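The letters A, B, C and D name the chains in turn, as written, and every chain counts its residues from 1.
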Amino acid sequence: MANFKGHALPGSFFLIFGLWWSVKYPLKYLCRRKKNASIGSKAGFHRLEIAEGIAKASFALIGMIAEQFVPDGPHLKLYNYEEKQWDHLMNWQHATMYLFYGISGLVDIVVHSTNVLPVALDRLMLSIAVFVEGFLFYFHIHGRPMLDYHVHQLLVVAVFGGAACIFLEVFFRGVIVLEMFRTSLCILQGSWFWQIGFVLYPPSGGPEWNQTDHNNIMFITMCYCWHYAFALLIMGLNYTVISWIVRTKLKQTPSMEIGLLKTSERDQESEDEI
Amino acid sequence: MANFKGHALPGSFFLIFGLWWSVKYPLKYLCRRKKNASIGSKAGFHRLEIAEGIAKASFALIGMIAEQFVPDGPHLKLYNYEEKQWDHLMNWQHATMYLFYGISGLVDIVVHSTNVLPVALDRLMLSIAVFVEGFLFYFHIHGRPMLDYHVHQLLVVAVFGGAACIFLEVFFRGVIVLEMFRTSLCILQGSWFWQIGFVLYPPSGGPEWNQTDHNNIMFITMCYCWHYAFALLIMGLNYTVISWIVRTKLKQTPSMEIGLLKTSERDQESEDEI
Amino acid sequence: MANFKGHALPGSFFLIFGLWWSVKYPLKYLCRRKKNASIGSKAGFHRLEIAEGIAKASFALIGMIAEQFVPDGPHLKLYNYEEKQWDHLMNWQHATMYLFYGISGLVDIVVHSTNVLPVALDRLMLSIAVFVEGFLFYFHIHGRPMLDYHVHQLLVVAVFGGAACIFLEVFFRGVIVLEMFRTSLCILQGSWFWQIGFVLYPPSGGPEWNQTDHNNIMFITMCYCWHYAFALLIMGLNYTVISWIVRTKLKQTPSMEIGLLKTSERDQESEDEI
Amino acid sequence: MANFKGHALPGSFFLIFGLWWSVKYPLKYLCRRKKNASIGSKAGFHRLEIAEGIAKASFALIGMIAEQFVPDGPHLKLYNYEEKQWDHLMNWQHATMYLFYGISGLVDIVVHSTNVLPVALDRLMLSIAVFVEGFLFYFHIHGRPMLDYHVHQLLVVAVFGGAACIFLEVFFRGVIVLEMFRTSLCILQGSWFWQIGFVLYPPSGGPEWNQTDHNNIMFITMCYCWHYAFALLIMGLNYTVISWIVRTKLKQTPSMEIGLLKTSERDQESEDEI
């Protein structure tokens, strides 16, 4: 759907996931550092992964249905035999993007609820899904007006960055810095989808953006960086709050000892995971 | 051979290998997880590698001979002295691609039948062979009509992706997710060769594709993603069947225990391999 | 600030950091090899990291203030409502670049003064800051005259090289060769900023450079390599002096023994760090 | 020197190094596998590294002197004040390429004759030298006729491939497959320099190549792959001969035992090296 809602919908999906991850990964990391707390929560985190997979698959399903069955959608019709041309290709492309996220969600569910599949497959499949999104965007923005092209190109940077980061996680699973990097790119993507919506389809009353003004391009590029700074700020705040909660709720290990364990802990963790 | 058969032949080769790998790697992985079954089959898998090398070298030989000796082929003539120009360069380029796969097959045979060469050389040589294929395609599609160019460009994406994946396997040998990723790209390549054949040389009676319609480009890009989704579906089905066979045929380890061993197993395996 | 000072300021910041690193990392490496010396200095190096973070954040603050409040700066005004266009976008972009270095400085301080954050986050954030610098330069040199474009393009090469190197350090922390590579690229960036200033804004009396002469492009490319050779020379000199100081000041381990320990030491160190 | 000799000279340097490596690395690998033989030769291989560094630095010096002092060279003059333009920039660029190889040679000598520098620095410096070569070629072939541009572009592929491979060796030192990959790219580069000489400056009597014929481009691309196949063939032959010599000269370990040790040996070696 090439309109405001068509950008707000995936933007909200990515924001929800990004914000959720900005809570989950610091929590997991800080709990794991306090060894005594981690025993009880391992099964919990496992169940969370399955819930995440279900959420991902549901979002993808909602997206696919929305793209197909909105009033001006293709309603599963791909070829217009009367006009001898393809029908609503944009909606079909978007539905394809959602499809791969759906597959990724299914793989998540199977990986974490059975023991048949190798664990790293969830990351690989997510990486493929993100890559396919970037791949389709890359070829689908060809020949658009300059500003439209540019805002989508910036999106593609975040998307391919995310795909690369998740692919690295196949090999460096559970490394907190990669998980936080992925989270920041996910929030960036989410808020940038909203920004694209506002730029290309300004809400009623707002002025149109000049598509060919070079200054707009320069501003938008900078604005993209501010979005990222904002994503980092949100993650920083969440991290602080979670760190404070973990510290106060679980007053079992004196902070002194943690300080001494710091380096050795890190080594041990990375051994566990890599 | 710039015709339908010239695309169907390599397409079939890649499909055969891809489908075979989608059986072999899950089987190997699942047998290895059930330790007791893995003792007997190690030598078996070893012999399989040699057989694979022979198959690869044979396919390459068939390809080279086909490219050289089809009725309108070069018959080993490279330069036309009468017209003072190169002769049948396309066929020579295709033969060169097959040549590198042939070398890769030979290296496979030597690596797995003797103990002279380092084991990782089979992956390196395969990676080089795939890269050379992509490299030649990349330079050889220059200046073609838009749709022709685009379908080959999409092929090149799969080819370079495969080369990168196999190069990673030099360092992360036996990691199941990389092997499955490679398999999926191989099936994609195979089915895409067939698709290219159908698009550029539609079977008798079918309509010609409009080479310059932007909608066709958009559809073809999306179609490429569907091919990949289809490859993933096939792999999923094969994995399920194999997993079911391994589970029923080798009822020695209770599933309970496997669940507990899951994480530790994975670590141990990756230690073995990396 | 698109003038000489606007290039000399960041150039000096990078040069200061680069030269400081060319002293710090060899010192750290050589002290660590003499095991007995390393016990006392661990806390010292820790405090240095915090000081570095403070310096980085201060430099970034100076840069941001300079970009905003120079006489012809935007003074925090982003949009000119009278002329209906963006105001001083260049200064805002430069301020954005400094902003990310500021964030990186803050993260450094928090990482090394508390034990809340994962240690590798300082490298990730620095890598992001350097990447953002390159990213903004990449989009902001579009459409400039040829020589102007080329000198900034060369800068971007060093910047992205640096970002990639620092990203590798997330995984290979404390590997001396990566640290020295980063140092060399940092010095290169610093001296190249000065060079850009001299080329684009020749000091009073000097001749203007011909922006479209292809020979100037070729010379500037070569000159860039000489800058790098010079950076390597400075690092070599610093390394020699420091090595000589460490050797003479800490005459506790006979050089004979070190020779024998060489290989095993290296292994142990890399185990410690990776 | 933009003539036949200017390409034959570096071509010969690369060929000498490539052929030497195709002997050295298999020998080192096969000797190391026969544990008993490796004790005596460790110091020998060490001295070889120093000799290699001296050879590299000498070749670089010869190259620099040749570029500067050939009859039509710049004789250290950089700027022609009479014509107000740069003088012999090509020769200066080539001399700059040699300069970095010279630095790499010096680093090799210092690394292997003293214990001051970290061992991995020799690979990093070589990687930088190769990258600088590719970097200068990349910017220096701009605006040349099509065939000239293309043959140098193909060269750049081999150069950047080599730089990436050597950079990987910083982390995976002594991995035989990487060393052999580097060797193959080095031989390719050497023989390709000769090929460029023959194409652009055909020896007296030979016909000129048509610079704009697309068929020539296609043939040259294919020819490049044949050069690589030839490099692989030479390496295969050398490997076979060396393997036969090591096997016959050092008949201490029965081949039976080696077969059994194969996998465990490999693991142990990679542990030693990585």
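The rule is simple: contacts are C-beta pairs under 8 Å (C-beta built on N, C-alpha and C of every residue); 3 or more make two chains touch, one makes a residue touch a chain.
Just so we're clear, the structure is a prediction, and the values are computed from it rather than from any experiment.
**Student:** Need the most distant chain from chain A, centre defined as the mean of C-alpha atoms.
**Tutor:** It is D.
**Student:** Rounded to a whole Å, what is the gap between the Cα centroids of chain B and chain C?
**Tutor:** 43
**Student:** Could you tell me the distance, in whole angstrom, between the mean C-alpha positions of chain A and chain B?
**Tutor:** One centre to the other, that is 31 Å.
**Student:** For chain A, jot down the residues that touch at least 2 other chains.
**Tutor:** Residue numbers touching two or more other chains: none in chain A.
**Student:** So with touch defined the way it is at the top, what topology do the chains form here? Options are line, ring, star, complete, other.
**Tutor:** If you draw each chain as a dot and join those that touch, you get a single closed ring.
**Student:** Touching residues of chain C toward chain D in the complex: what are they?
**Tutor:** 29-30, 157, 172, 175-178, 180-181, 213-219, 221-222, 225-226, 228-229, 232, 239, 243, 255, 258-259, 262, 266
**Student:** Mind listing the chain C positions that touch chain A in their complex?
**Tutor:** 85-86, 89, 92-93, 96, 99-100, 103, 115-121, 124, 128, 132, 135-136, 139-140, 142-143, 170-171
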